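Below are structures written as structure tokens.
You will see subunit A twice below: alongside subunit B first, and alongside subunit C after that.
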Partner chain A sequence: MKPPLGRTLLRLFTVQGSWNYERMQGVGVGVAEEPLLRDLAVSRSAAAYRAAVARAAHFFNAHPYLCGMAVGAAARAEHDGTPPDQVERLRTALCGPLGSLGDRLVWAGWLPLNSGLALVGVSLGLGWWTVVGFLALYNAGHVALRWWALRAGWARGMRVAEALRQPVLQRAAAVVGPGMALAMGAALPLAAGYLGGPFPGWARALVAGVAGVGLVLLRLPRLGVTGLRFGLGVVAMALVVGWAWR
Partner chain B sequence: MSLEQQGLLLVWGMLVGLDLASVPQAMIARPLVAGVVAGAILGDVGTGLRLGVVFELLQHDILHLGAVRYPEYGPATVAGVSVAHAATGALGIGFGAVVGLFTGLLGGVSLHALRRLNTRAVQRASDALEAGDAATLVRLHVTSLARDAARAAFVTAVGLLLAAGVRGFLVGTLSVRGAMVVAAAATGAAIAAGAAGTLRLVGGRATLGWFAAGLLGGAAGAWLK
Partner chain C sequence: MSIKLFRIDDRLIHGQVVVGWGQPLHVGFIVLVDDAVRASPVEQELYRMGVPPHIDVIFASLAEAVAQLPEWDADPRPGIVLAGDIATLAALTENCHRVTRINVGGIHARPGRSERLRFVFLSDAEVEQLQRLAARGVEVTAQDVPTARPVPLAEFT
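Coming up: the complex of A and B.
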């Protein structure tokens, strides 16, 4: 691994550290891209380097694990002498695809899949080893995706769209969706059994009743009920009932 | 609970809060992980796991899409475990949930405030950023990271204070039956949130089939267990 690429990869782990409503991930992306731009000060001029750093820190928002692709591609384009407006257009064009691909692949696939497996493991009595397994498996995919994205962008520059069409990405998206559904489907009854197990019969009936009412309320988006609001409401009511019932 | 344990919980809560969005997003912020480590700090991994499962299910109600605002359940689980540990077995889940849900709400509000502070800092530095000043860029980023660490520590500290209040006021005041009502209600709410969140993710007919297969398998497993 080239040292600047390694530094960029490390900095990418903090890419959302300065997330804000104006440039969103822009500052973090600029910080991550900067090591790859340092050569410009030597190969071209200090002014070219500063202009590239300024562009790198402009507005950007995508999935944090895939930001590296835009970072690598933009840095490569700067080295290739691509006109500034085209570099800006490339960054803008990558926000949407990298965001939606990452959301589908990671937030709605890989993460709930691993979380579901961990819930199954804990519910079956595997204990804290499940949590170690969750961290190891999840982060194997996480780090591999970050590294692949950075390298793909750095290798292709303005032709980075080719990387997004790779069959392996499509296959991964096709596998994690059903895997997530299977794992979470299994996790729900097992977790309910694990949590409800120690309660006596009447309390288990209460668990089932609250879960049923909550599911109906949470499935009606017009009501604007969220898990947090429902949880707070139900727990507040339970405190009053619990206080009165001695 | 000793002062050392409280200090360790505070540091752990800060790391968990940082992991959520800033660094390194390795998912130690997931309630299951946060809960187990908090439980280990208190010498009670079982309670950490149980409350971790409750908040992990609640976490499934949240999708981290775009700039969406959401509660923060990592430090909330840490604070929740510190109070759940004080009650016996499953009864502690209710107390832990009371503390955790309020701390999660505070965490969400604090994230929004942090992002507004970051926005102001970026606006102040915009001239230097437009000039391509790399030193300013890095300083801005590191300062924002430090700000998030302070925010996460603050949220955890408030959660731990709330936990101390609940330990002193609620635990022992509610009857066993009353504590069980709270625990059962919190458990039901978590299952509802987990199921609703999963159903939102399971979109198409093909995925629904896999979900149904998992549900049948899980139900059989729970019954056999």
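Coming up: the complex of A and C.
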């Protein structure tokens, strides 16, 4: 029988929907894994199927785009007749590497890389096409990553570490970081020029000065200034000044 | 003291340990005390993958940890000792008087456990284990990441 990987992929899009402190992504992972476990009810017994689904819904937390690898690997291990405690230990062991790999690849790589490119696009006057391009490129990347992760897990089961060792993955992690830095480095001056364009020279100089002060304050951790607090403070001050000036 | 943190966390090695604690403490090594992981090369490989290459990962059984703790403590690099359950760290503490503080970093829901903090679920027997540790003079606090407040044992049991 052809494994219902497509159905599992669709369910993986909802994996964060039932996030909670008790099981984190566990319930979402169980829901996604269920189609792959269904034929255990035929090949073994209804009780075996139910026990496997319950195990699949235990505590789990990793990167949402990569948890398909744990779903595939655990489902394959269940089909291979791996002892339940080993399946659970595999799931636990996968949380760390899938979390840190996903953080590096996506949150610190693919997402800011695409955001940087979008900022460049808007600043260069490409308008709405930038939004279309961003959505197409970003989504193509993460859907491909989800699909690859699920299939790699399903193909290898308990030997899933082999998939994580693949050179292409290491290369991607090595390329996407500097790529992100390049895109953001290009985006910052372009976006600043685009946003500051309509303002008179003295206002632009003032904003640059405030940004400079902010940078210095953020470098002094003892002051407890964060980017968010500083930004909100500046906005509040600008509102007060603008109101008084009228 | 080279061991900067004795931590109980049932997720074992993950981001909070490696980045959350590893970076501010500048750790050079992490000791994972777990008999099952010690016996499983597959799990060891996965746990090692989540750790950057400049941090050594040592997999030890409880017996090995009891024997080698003084050696790790003499290491010039700061380190973290990590176990997945209270019993393991309690046994380590009993056999070694160097453990004076224990960090409860994450014990998650299981049948029989109830919620004490968002990241700490304990059965009554586990509460007793922690209280026995505290009665022996070990300072037990719950704290998932260094930027959070360490919650004293009395506040979550």
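Keep in mind that, in the parts below, the second predicted complex is superposed on the first by the 237 of 246 C-alpha atoms of A that agree within 3 Å, B and C clash if a C-alpha of one lies under 4 Å from a C-alpha of the other, contacts with A are read in each partner's own complex, and residues count from 1 in each chain.
In this section, a contact is a pair of C-beta atoms (placed from the backbone, for glycine too) under 8 Å apart; a residue touches a chain by one contact, two chains touch by 3 or more.
The model shown is predicted, which means the values in this text are computed figures rather than measured ones.
Steric overlap between subunit B and subunit C is absent once the structures are superposed on subunit A; the two fit side by side. Of the two partner chains placed by the overlay, subunit B and subunit C both lie in contact with A:Gly99. Contacts of A:Leu90 after superposition: subunit C is touched, whereas subunit B is not reached.
When subunit B and subunit C are set side by side, the one touching more residues of subunit A is B.
In the superposition on chain A, A:Phe59 makes contact with subunit C only, while subunit B stays out of contact range.
In the superposition on chain A, A:Met158 contacts subunit C only, with no contact to subunit B.
Look at A:Glu22: by the touch rule set out above, it reaches both subunit B and subunit C. By the touch criterion stated above, A:Trp147 is placed in contact with neither subunit B nor subunit C.
Remark: least CA distance from subunit B to subunit C after fitting both complexes onto chain A is 7 Å. Common to the subunit B and subunit C contact sets on subunit A are residues 21-23, 61, 99, 103.
Within the complex, the subunit A residues that touch subunit B are 13-14, 16-24, 27-28, 30-31, 34, 49-54, 57, 61, 64-65, 99, 103, 107-108, 111-112, 114-116, 118-120, 122-124, 127-128, 130-131, 134-135, 138-139, 142, 177-196, 198-200, 203-204, 206-215, 217-219, 226-228, 230-232, 234-235, 237-239, 241-246.
Contact residues on subunit B toward subunit A in their complex (touch as defined above): 21-28, 30, 32-33, 36, 40, 45, 49-50, 52-54, 56-67, 71, 89-90, 93-94, 97-98, 101-102, 104-105, 108, 115-116, 118-119, 121-123, 129-134, 137-138, 140-141, 143-145, 148, 170, 174-175, 177-199, 201-202, 206-208, 210-219, 221-223, 225. By the touch criterion given at the top, residues 21-23, 59, 61, 89-90, 92-97, 99-101, 103, 158-161, 164-165 of subunit A touch subunit C in their complex.
Residues of subunit C that touch subunit A in their complex: 10-15, 18-19, 36-37, 40, 42-43, 45-47, 49-50, 108-109, 115, 118-119, 121.
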